[in-house]
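For reference, the structures are reproduced in the following blocks.
Two complexes come next, and they have one chain in common, chain A, joined by chain B in the first and chain C in the second.
After this line comes the complex of A and B, so read on.
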């Protein structure tokens, strides 16, 4: 659905991507993780046709995003982290914007904003950042595009809204849809994503399905000094040490995304050797 | 010595479904929530619920009627009980035994407490 080959990109003198390749398929929710400034947003913008690669190929739904063809634009939606919404009632926003998206479904939009507790009669200017974001997320989902890109969608959402967000996303994934969520709030999305993609220093550092991760790695608390010493990654916790080891028993433990992320960034080769074997 | 911090989400959902069946909230031959409905309710990826449902089909706890949905199998009670029992005996019981050993407790002490618990919660 989305194919990126040998992507090079930079802002003036600052190089962001130096030969990044990635393939994203329909039917999944991808969690895009990486340190600040590693280019998560830049990558999403390259997919959406908002930035153009210096070198390499980006293909989304069979289109070259940079050409910004209408058939492409009506089947992709991006919820950016920073956005501008005009000072109009929600009703007008829908009236003026929805016609660009042939699969827009007004009933769905109503359902989503109701779920988020936003009255449809509201005007956008009087809303907080979080409320505006919820309108944008609801609108993006109701467009029913095949590709949905979201940059830090849970930033600015209160506790109830995060839960509503997960419900809404869980309900809209289908086998023809590809959802990419970039985030730092891993706890918000741990149960939602089924594929983890980590970028660092301009490349893809790690890209595996959650199923494969929990099949091959075990996340648990250990008190066994030998095991702690031999663990692929360890971190002291209140009781014992939180460790990542090879999963040798066959029991699958719950993925600790935060721990995995730290392990990949600090000791990536040890973790990757488990997957390359 | 390992603490079973928590199992993979798909197994946690399997426990949830088994519990519904064992408590008879979901009855034999009745339709259970669809993959999407349960994913929304539990706020998890629908692919994860799909994996749970495939797993529970292998255990003959639920079955799929093409185009209609998933149903509680006739053998569900027996199989769900067996599945949860194996899990409990292998994983939870050793923890209980370890604590009992540390505290110098014997199984006889448990019997009256267990009877009282059943009376309080399930009578």
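After this line comes the complex of A and C, so read on.
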């Protein structure tokens, strides 16, 4: 569905990507994680055709995004971190924008904004940033595009809205859709994503499915000094130490995305050796 | 699906564009009307015993058209200078041609029609008002009033000779198309930057033609722009004419090709625009 091969991209003197390759398939929710300024948003913009690669190929749904053909644009939707919505009532937004998306479903849109507690009669001008974002997310989901790109979607959402967001997204995925969520708020996506991709300094540092991660790694709190010493990654906590160890017993352990992210960034080789073995 | 132009998609986009921008457009037209009223009031205030001549009306029309039309064209792709708006603009499933045609429809065609209508809505009563004020003043001063002025037809010259007003209109369309291009090329201060860049390019071309190309020409000068060159030999002068067909093509191109040419450049630049 999305294929990136040998992507080179930079802003003037600053190189962001130097030969990045990535393949994203339909039927998954991808979590794109990374520090600030590592190129998460830039990667999404390359996928959407808002930025053009200096070298390499980006193919989305068989299209070259840089050409921004209407057939491509009507099957992709992006929720940017900083977004713009015109100052019109929601009704007008739907009336004048939805016809560009052939798979737009008005009932779904109503359901989503109800889930987010937004009255449809509201005018966007009078809404808070968080409310506007929820309208945009609802609209993007209701468009039912094959590719949905979301850049820091939970920024600006309150605690209740974040949980509503997870619920709404989880209910939207089907085998024809590919959802890519870029974020640095890893906790918000923990129960949502089924593949983790971590970017650092313009390259893919880690790219595994959540199933593989929880099958091969164990995330838990340990009080056993020997286990703590031998752990692939450890972090002292108020009670015991949060550790990542090899999952030798085959037990199901709950993914701690924040811990995994820190482990990859600080001690990536140890973690990766588990997957390369 | 036609990826270059689809009439249904374009009409949907026109509806969307109008819906999102109508307040701004109507306010701008109101402001233009207000400025015209202010200007005519000023004229009546400082020169109340004279009616507003057709020359003044035409000058008002064209100066206003050039200033506001170019200013408007320079902000027509303003979304591209604002990241979030630019993303929304570029990702709406409409082709580049349809986006450009919408900009031309609103910024060139409809703007011209609306400006002209607003001008006459103001011009008609204000000229009549100025006529009656001038007449009243003359009566109070017990002298013969200046003849009342007619409403100017700003597209047809009321003086003998060539209809120079058509050339003003063609020049306006060409210059406005440069500002339209500038609105895509420059991220900020599009009006000023286009103005300065245009002026620099124009001065450079003038310098190049007169000083560089002129040095290869015999002593003399252009008698008719671009088509007839008069050469001075001793005390006589000879005219060198371009062949008729070349003159015709050249003048046609100068009159009508600039605006479409800059629209094409705007289209190409819009295609490669990144946010």
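The criterion applied here is as follows: the second predicted complex is superposed on the first by the 277 of 277 C-alpha atoms of A that agree within 3 Å, B and C clash if a C-alpha of one lies under 4 Å from a C-alpha of the other, contacts with A are read in each partner's own complex, and residues count from 1 in each chain.
The working rule: contacts are C-beta pairs under 8 Å (C-beta built on N, C-alpha and C of every residue); 3 or more make two chains touch, one makes a residue touch a chain.
Keep in mind it's a predicted model, so treat the numbers as computed, not measured.
K.L.:
For A:120, is the partner it touches chain B (first), chain C (second), both, or none of the two (neither)?
P.N.:
neither
K.L.:
In the overlay, answer first, second, both or neither for which of chain B and chain C A:54 touches.
P.N.:
Once the two structures are laid over each other on A, A:54 reaches no partner at all.
K.L.:
Please work out whether A:166 is in contact with chain B alone, chain C alone, both, or neither, and reply first, second, both or neither.
P.N.:
After superposition on chain A, A:166 lies in contact with chain B alone.
K.L.:
Is A:73 in contact with chain B, with chain C, with both, or with neither (first, second, both, neither)?
P.N.:
In the superposition, A:73 touches chain C alone.
K.L.:
Which of the two partners, first being chain B and second being chain C, lies in contact with A:103: first, second, both, or neither?
P.N.:
neither
K.L.:
Looking at the overlay, does A:88 come into contact with chain B only (first), chain C only (second), both, or neither?
P.N.:
In the superposition, A:88 touches chain C alone.
K.L.:
Could you say whether A:223 touches chain B, chain C, both of them, or neither, answering first, second, both or neither?
P.N.:
In the superposition, A:223 contacts chain B only.
K.L.:
Between chain B and chain C, whom does A:45 touch in the aligned arrangement: first, second, both, or neither?
P.N.:
Touch partner of A:45: chain C, not chain B.
K.L.:
On chain A, which stretch or stretches are contacted by chain B in one complex as well as by chain C in the other?
P.N.:
Residues common to the chain A contacts of chain C and of chain B do not exist here, since the sets are disjoint.
K.L.:
Which residues of chain A touch chain C in their complex?
P.N.:
45, 48-52, 68-71, 73-74, 76-78, 80, 82-88, 92, 95-97, 99-101
K.L.:
Using the touch definition from the top, list the residues of chain C that touch chain A in their complex.
P.N.:
Residues 1, 3, 6, 9, 12-13, 15-16, 19-20, 23, 82-88, 90-96, 271-272, 274-275 of chain C touch chain A in their complex.
K.L.:
Give the list of chain A residues in touch with chain B in this complex.
P.N.:
27-29, 163, 166-167, 170-171, 173, 191-194, 210-211, 214, 219-224, 240, 251-255
K.L.:
Mind listing the chain B positions that touch chain A in their complex?
P.N.:
1-12, 36, 39-48, 51, 91
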